[in-house]
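Each of the two complexes below includes chain A, the first together with chain B, the second together with chain C.
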Partner chain A sequence: MVKMIATRLVLLVSLLLAVSMITFGSMNLLGDPLFNILGPAVDDPRSADKVAQARADFNLDKNLPHRYGLWLGDVLQGDFGNSYANGVSVNSIVGEKLPRSLLLAGMALVMAVVIAIPMGVFAAARANKAFDKATTFVTFGFVALPNFALGVILYYLFAVRWQIFPLKYIEDEGLFMKLKSMFLPALTLALPIAAVYQRLLRTDLITTLQEDFILMARSKGVSRRKVLFGHALRPSMFSFITVFGLNAGALIGGALVVETIFNIPGAGREIVESIIRDDFPVVLALVLIITGGFVLLNLLVDVLYTVLDPRVRA
Partner chain B sequence: MSELAVEANPVSVGTNATPVLEVKDYKVGFKTERGLARAVDGVNFTLGTGKTLGIVGESGSGKSVLNRSIMGLVVSSRQIEEGSVKFHGQEIVGTNRQPYWGKKMSMIFQDPMTSLNPVMKIGKQIGEPLRMHLGMDKKQAAERATELLTQVGIPEPGRRLKQYPHELSGGMRQRVMIAIALSGEPDFLVADEPTTALDVTVQKYILDLLRKLQVERNMAMTLITHDLGVARGRTDELLVMYGGRSLEQAPTETLFNNMRHPYTEALLESIPTLDHAKHTRLNPIPGSPPDIVNPPKGCRFAPRCKYAQPECVTDDPPSVVDGDHAYACFFPVGTEANQLALEKNIAAGETAVGLPVTKNGQVF
Partner chain C sequence: MTDVIEQPGEPLDPFESSEGDEIANTFWGDAWRILKRRKLFWLSAGLIVVFAMMAVVPGLFTAPSPAPQDPGGINCVLSNAEQSPSGEHWFGTDTQGCDYFVQVIHGAKVSMRVALGATLVTVIIGLLLGGVSGYVGGWIDNVITRLADGFFALPYLVGAIIVLSALAGGSRRSEWHVLTAIAFLGWPAVLRLFRSTVLQVKNLEYVQAARAMGASDRRIMMRHIFPNAIAPTLVYSTIGMGAVISIEATLSFLGIGLPLGTISWGIMLQEAQQEAIAGQSLHLLIFPTIFLVLASLAFVLLGEELREAFDPRLR
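On to the complex of A and B.
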């Protein structure tokens, strides 16, 4: 297992290098960075000094591999450079926006799991009965409903109409307020994910419940609840945690639609805005963080497999 | 034993006042799209403390359904139960039997490879009933589990407790299963083909171990098997099941020495034994078990029986009680009528249902 983790970490480093090269190269094919730094002044002969200055500051006078090398050297020292748009350091932009997206993703995933596990177990325990059929109907609804529609409905009902939750994201009135104002956006993300998890768990559990060892556990006198949660749940979690890893990875980069609807200045919005204004350093930093997080989370899932099932422990 | 009791229960094992299990005209059906499948169709037996009843039959004869239904382990809204099963004198048909599981009734399953939880340590699987039923704490349960593993002949029991089922061989796993089944100290144990999935070399060991533990603990047991040889010497009484019915029931030795039903005879003839001369042909039973949704009108075995006569096809033979021996056949093996029936079929070249019979009285 230690060997597996080590191999995967080496792989992660090479993957990050490849991703950064591709992103760095492709971003430089788009647009002129000088225009983004200086605006229309680029074409004005009177600001030739400024242009030369900017060229030197941002290393734009060097060729592409050279620039990549300089950038990589800075990154290895923990410095992602400065934004082309406003000269602010990328580290501070990421440091400000990413935690919001991580909080959103974390809350959404916790909610999804907390909703999905009991719903999946109860639906499987009474497969094809009323509760199961009702949840099937509802979950398909959540999967089919687009995020923006669900977000708008929740926002209208719980924030505008009944005013249970604040209208916007509030960061500076304490932790409780922060969590409370993040509740609706997280729920918007969580419901469709929970629906998928519930389907996966239900199906796998129904299969597990047919196993001989479940009948054996019942014949020992283990209570129904303990059979479900103690014996059947664990061996039924594999598809669920696989998808969990993928979801979690995808959410690290923020959720553009939800961040936009609920007006949360997070990483999702930042990355889209940076791409639009050709702000290479910001895009590069976020892409690398998302890639790293995605790989690390899926490594965690692989480790979880071995915790769940002793048979795959090597 | 009063004569009345003998009449009501032609076959009774044990002499205790209240038997562990008293099964009367027990029926189990399953509603299917084609109609009611009569998996168990009127079975009677009595099982006393410390006795073993062997239940023998082909696949699909209803032996597993009979035992699982008695334990109340079948979960299906399509299942229908009728008749009477008394456990320690108490009627249990139609009641929830979960309170008995593990501590009063227990079961050993056929396939040790799939019947243990693959993601739970052996120690926890044995400890579960101990903590639930005997109120032990974690430490006591571990100590008791070690003792149990020693009793079933597992070396290094302390180390085994921390292992997972996949780290053990099939024979070891079946021993673990026995340990689990016995951990709650049940009065009644169902052993459902406990050695079918095992290597022949460990079969005898497991069967003898079961018999030994059963005698030591004075448990009542049903041993389900399709192998009459397994039942011999390890059971007190035998019940031969076919198509959900009991065709013959008797104390084990009586049944082997004086078998009456052609099906029992056919079962025994289809198994190779060491006494057979070299190159002796086995006599497999032709055909397959009856359709339990639409059983044949007469005797259920008639379509496969070399003695079958016209009345076997039209009339259902009632159970004949001869002391402690019961059988349902118009032409019981070992009687003159049986001999005449066979001669008649040989002469005709076929039975009443048209099954070809050879000159030396064999059917293929």
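On to the complex of A and C.
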């Protein structure tokens, strides 16, 4: 167990190094950082000293491996440098935007589980009956419907037409308002994930329900509901937990889309905007943090797995 | 990847046709016998044929060109902009007053091209590397699987963004770049799947028999292993095509995929989003969405049907 965690952490560090090198290299080679910092003024001879200043400030007078080394040194000390676009420290940008995305992702996960567990249990309890067939149909629809289309439709219906939810993200009117303005975006993220969870849970539950210990419990006179939620649910959660980690990737991708549609100034939208304006330090920092978090989460899932299923522990 | 299909162990010729033969006992014959009785198979296959025709010969459905200046193109009247659907304009008109039905039909072209291209490249790379990795094993296998693991650690959309921004900035992007980015991130999944099925098949008795009779590695791989290990990859890539359609539209929608002005469902939806949020012209949003979902769903459903037909456990 300890050995497994240690190997995975070593793998994580090498992965982050590789991702940072590739991203750093390709962005610096293909773009023109000076132009991105100063704009058209780069070619203006009158601003020559400004150009020289920026060159020195952002280490652009050094060669690429040297620059990468300097950047990496700063990152190891917890400093991601300054944004090319406005000179603001990347750390403060990340510190401001990332918590919003985490809140969004957390809300979405909770919603997905809250929707998926009862739906999965009811579908499995009456497999191949009307409710089961209807949910199968709906879940396939949600898997095929791209996140952004779902988002725009929900936004139109509940924010524009019926005005139940605010049109954009409101942060400074108390916690309730904050959560309320996050509700639609979180739901957009949650529905497709809930669809996947529901399918998995249903399949696993149907298998579990055929096992002897379920029959045993039923014949002892335990009620149907108690058997479903008390006996069958826990051993049916394995594929569910595995996908939980993998789904984090979909969640990150979804956050990118949803934050753009619902005007939430979070990390996802920041990545898209930084890419469009070639703000490399911000992109690099966010990509590394997200990748690292994603890998750590999957590691956590594997650890959780052994806790849930004693058979894996050996 | 929870339910990888198990392979039956018979050495079979995949090209041996068994159409109409009710006592077919080849793997592919059995699969076909199951498939042809299933309604959802015919529904999804039919939908795919319709979308493929839309992409290849849009003239069958509507005007042969969506551009007003082309011969056979359509008339755009600016004063007709953003009309709701009517008998004359089935899907209404867009912000330029152009017929929307024509554009939605022509949108199939890019979607299908990117989906087919990206899936083909993904599958070819995945099969080559997966085959080598599974059959040869050793340090080559180690290097290839480690590399694939690295790709899995990268969240998909973030990866696509890195690749796209590295390939080409802003307006220089084309559908080739989008295709490359999707394929670049897609192959590790195919590799994993094909490698694991090759590993299962390669130790079966009939492969040993072929080896004992002196068959070359190449012959064993092509004649004996490949035909019996390909089914799960076929299922995965069919479902994958549906996913690619959706991913391409998402990238275009975010403004980091296809360039603006391309006739594509993703771009249409990006433009329609502003209109819909202003509370007008909901039809601009609805029609591309329906087409997008149907196209994507058709491939996903076909894949699921193939999975059922290929999975011996369900027989």
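Here is the rule we go by: the second predicted complex is superposed on the first by the 307 of 314 C-alpha atoms of A that agree within 3 Å, B and C clash if a C-alpha of one lies under 4 Å from a C-alpha of the other, contacts with A are read in each partner's own complex, and residues count from 1 in each chain.
Just so it is clear, a contact is a pair of C-beta atoms (placed from the backbone, for glycine too) under 8 Å apart; a residue touches a chain by one contact, two chains touch by 3 or more.
The shown structure was predicted, so the numbers you read here are calculated from the model rather than taken from an experiment.
*Asks:* Let's test your reading of the overlay: on chain A, do chain B and chain C clash or fit side by side?
*Replies:* fit
*Asks:* Please work out whether A:215 is in contact with chain B alone, chain C alone, both, or neither, and reply first, second, both or neither.
*Replies:* Only chain B is touched by A:215; chain C is not.
*Asks:* By residue count, is chain A touched more by chain B or by chain C?
*Replies:* Of chain B and chain C, more residues of chain A lie in contact with C.
*Asks:* Looking at A:17 after the superposition, I want to know if it touches chain B, chain C, both of them or none. Which is it: first, second, both, neither?
*Replies:* A:17: touches no partner chain.
*Asks:* Identify the partner contact of A:149: answer first if only chain B is touched, second if only chain C is, both if each is, neither if none is.
*Replies:* After superposing on A, A:149 lies in contact with chain C but is clear of chain B.
*Asks:* Quick one: is A:134 in contact with chain B, with chain C, with both, or with neither? Answer first, second, both or neither.
*Replies:* neither
*Asks:* Tell me which partner A:235 touches in the superposition: chain B (first), chain C (second), both or neither.
*Replies:* first
*Asks:* Is A:161 contacted by the first partner chain B, the second partner chain C, both or neither?
*Replies:* In the superposition, A:161 contacts chain C only.
*Asks:* Counting only touches as set out at the top, which of chain B and chain C does A:256 meet: first, second, both, neither?
*Replies:* second
*Asks:* Measuring by CA atoms in the overlay, how small does the chain B-chain C distance get, in Å?
*Replies:* 16 Å.
*Asks:* Do chain B and chain C touch any of the same residues on chain A, and if so, which?
*Replies:* In the superposed arrangement, which is not itself an observed complex, chain A uses no residue for both chain B and chain C.
*Asks:* Which part of chain C faces chain A closely enough to touch in the complex?
*Replies:* Spelled out, the residues of chain C in touch with chain A are 2, 149-150, 153-158, 161-162, 165-166, 169-170, 242, 246, 249-250, 253-256, 269, 272-273, 276-277, 279, 282, 285, 289, 292-293, 296-297, 300-301.
*Asks:* Contact residues on chain A for chain B in the complex?
*Replies:* Contacts found on chain A: 211-213, 215-222, 231, 234-235, 308-311.
*Asks:* Can you tell me which positions in chain B touch chain A when the two form their complex?
*Replies:* 71, 73, 98-103, 105-107, 109, 111, 114-120, 128-129, 132-133, 164, 166, 177, 180-181, 184
*Asks:* Over in the complex, which chain A residues touch chain C? Could you list them?
*Replies:* Contacts found on chain A: 11-12, 15, 18-19, 22-23, 26-27, 30-31, 140-141, 143-149, 152-153, 155-156, 160-161, 200, 239, 242-243, 248-250, 252-253, 256-257, 260-261, 271-272, 275-276, 278, 283, 287, 290-291, 294-295, 298.
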